[in-house]
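Before I ask anything, let me first share the structure, which is written out below as structure tokens.
So that you can tell them apart, the chains are marked A, B and C in the order they are listed, and the count of residues begins at 1 in each.
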């Protein structure tokens, strides 16, 4: 096991720069998730760690070694690919054993490790089947098995769950987390699904456009997003954003659409500053007494356990999530009150948290 | 997730550690240049011997060939020594390139030289450079121009072949029983050696007295079923025989295209109430255009090499009516041993083919791209 | 429950009309298919039966064995391949077997060489980026494929002279090299298609697993591309087996192949129907068998590149 240190990493394809100076520290034994929208460079970053793309500038260190110019075979990493990349002409057992055989491992050790991995992943009954005879989930497990038999320094996962159906995906992410807790190997996991990131990660790296937007634990990102991008990317349904102006007459508040939105008094924003006011749907309460701000109901989506309400506050779309059941009619006006200490303020010009 | 690297195609990018020691690089260079020197030396010695400047050397040029092979191997090893991982990658393509270059470029250069000589294998004076004489002879050689004209007819016949092949492909793609049997049966003519076909069909089945095709002709009311009697009929006969062999080729390419058509599009047309005829002309045929053009292009390329059946059935006759360029040059060499002139004709043909195919490619590029 | 089991629904007039139309279509389709089958198979049938005919049967245009004529071993005896002559010495048979062996050697060796060279080149071109001054992958690919348009007649005479100097005239090696050149573009065409259908992830996984590029090619890629290689090999085999032009020019006694022998027979001995039929049939038989047994590989090979 080893830590992974990335310093000022850059990658260009021709004149297009897809990684634009990235610094990440991954301590030994941590589960780190790289998350971001399509094309943000997270997969490229992972492939650079694996040695499948070369580094334009900067360094990647695994343990003590700078690995920039090492071929993948010498980096002591294992990778699980999006489409699993199982060798179609080899049985499950042969797929699992392949990397060990390539490294001339003792036959008895290979057998033991393969059996152990198959046991852990519930693949024992399928050892003599070929990949085409397996379901998607089983193939995914073989791909993971191929990684764990090696006992590498680092696991790399490239969107391994994206080809599974929704239900299986939820099950698998729990299982992968349990596997990780048992092995304790440093893991880098790439996904575009923020829920996957939130549920699995020790630490999340949010990327956009070749840059790291924020690094932190899932709850840090949720509670203190560093900018508007992270705020909207993490959390589902996404945070409501309302444009407004800070007013410091009396209790500090944000004025938007002619209404007062409460903010925490410790926010350092001068009077008259243009801001984006953020509040998550679950942090909006119904103000039966007519306080808060008025909003017109557009669509109601009851899911049983909660009620999702889409509303219009002036021209702004607002989403509210209630734990209890409400029976609003479209067109009805309700009053919503943000929970003051759960609100966020971002600079309107830069999008940075205030 | 697609990164720009993947967008460039299925390329394999991988980090390599290329730290070659100086000694290794030097050894690699020494090997490559050393082998080149050996090759050069042998060429010079052999050349001088040929020239009768020196008396030693080898009986034939064969050892030079071995030296070339040795150099090629050394070049490959040298690549790995000097360039490491990159050299190993070059090793995939290098043998093929070396092979084709030595087998094509060198003979063509040599051919250009021969084509400017009056080399005749049966003459005792040997070869000598005669400049544009061969061109002059060619300009006045009505048989050559006639053969070129015939090639135009032969190429045009492909349109009929294409129509038949398309029809057969459609039939094989319909819901039929015993599809595999029909497919095998339709494929078989392609497997047969043109020389055997020349005898089987051209000489035996078309035999005027008792060949089954002649009998069939008589049965259908053709008084004198002579398949090679007049120029037009002879040419037609050769076209039919060639078509018989090669229709399966186009048919299979088109069948593959038909099977790869998106089913939903054709079904959508049916749901929209289009008749079979409309569906074919407005959906199937346009979608098949790229495949069709590929098939026709390859067929044209093969057609331009047509020779075997002509040589064996009619030998160009009657009066050159069925001659192709290749069969004409073949006779020019075999009957008159005219190597120099024959080579010039072949070179001119090559230039014409390159120009023709290039123009054709430019012309059809528009339809090759699928704009939907 | 009623015990009645009689028919309740009946075909109405439109149903009957539909069925009539459907039947007409079927008849037309199968009629055309059978018609073309006859066109394709009759020459083979004719050749096969003629090899069992004696002179009067040929002259009278008899077609059906036993019904029209009594099959005799006439043609095969003249080749030394009939049951009566098979154990006797026969110069014709020796000649035939020698030509046959020549054809087998040249076509197998040339196809194998072409598949090896072609697969390597196609793989390299589909996976790596090469640069040599201004030459890039596209140019190398084009260079290989453009050999397809090179007519044999352009190379034939220079090769005649060159081979004479190199003492390669009338040798197996000389013919093998030329045949390899002839089928190489086709092999590259097919194999390029094969390799681009294999996801590059597989090789990346192999590299992460610790293989070198060449080992990944040999251990992972080639086994997967094997059907394509077989297709390319068989297609090459067909082309080499049937090749006449180069063989006619460049071989004389030792390395002469079957097509040359067939061609020379037609000219020299007048028309000896039964023996010519037997010879032709023996020459096409290996390929007819390959065509029947390995049809799916041939079709796979020819379909490559048709569909992108």
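Throughout what follows, a contact is a pair of C-beta atoms (placed from the backbone, for glycine too) under 8 Å apart; a residue touches a chain by one contact, two chains touch by 3 or more.
This is a predicted model, so every value here is computed, not measured.
Of all chains, the one whose mean C-alpha position sits at the greatest distance from that of chain B is A.
Highest inter-chain contact count (C-beta pairs) belongs to B-C. One inter-chain figure worth recording: chain A and chain C are separated by 56 Å, centre to centre, where each centre is the mean of the chain's CA atoms. With centres set at the average Cα position, the gap from chain B to chain C is 15 Å. Counting partners per residue, chain A has 51-52, 71-72, 82 as the residues that reach two or more other chains. Counting partner chains per residue, chain B shows two or more touched chains at residues 14, 85.
Taken residue by residue, chain C touches two or more other chains at 199, 204, 207, 212, whereas all remaining positions touch fewer. For chain A in complex with chain B, the residues that touch the partner chain are 13-14, 16, 18, 38-39, 41-44, 47, 51-55, 68-72, 74, 82, 158-159, 190, 192. Every residue of chain B that touches chain C in the complex is listed here, in rising order: 6, 9-12, 14, 59-62, 64-65, 85, 88-93, 95-97, 99-100, 103-104, 107-108, 110-111, 114, 167-168, 171, 174, 176, 180, 182-201, 203-205, 209-212, 215, 244, 248-249, 252-257, 260, 290-291, 294-295, 298, 301, 304-305, 307-308, 311-312, 325-326, 329-330, 333-334, 339, 342-343, 346-347, 349-350, 353-354, 357.
Remark: chain C residues 29-30, 32-33, 36-37, 39-44, 46-47, 50, 58-61, 63, 117-118, 120-121, 123-130, 140, 143-144, 147-162, 165-168, 177-178, 180-181, 184, 188, 195-196, 198-200, 203-204, 207, 212-214, 217, 238, 241-242, 244-245, 248-249, 258-260, 262-263, 266, 271, 273, 276-277, 280, 283-284, 287-288, 290-292, 295, 298-299, 302-303, 305-308 touch chain B in the complex. Considering their complex, residues 199, 201-202, 204-212, 215, 220, 223-224 of chain C touch chain A.
Residues 50-52, 71-73, 77-79, 81-83, 85, 87-89, 98-99, 102-103, 146, 150 of chain A are the ones touching chain C in the complex.
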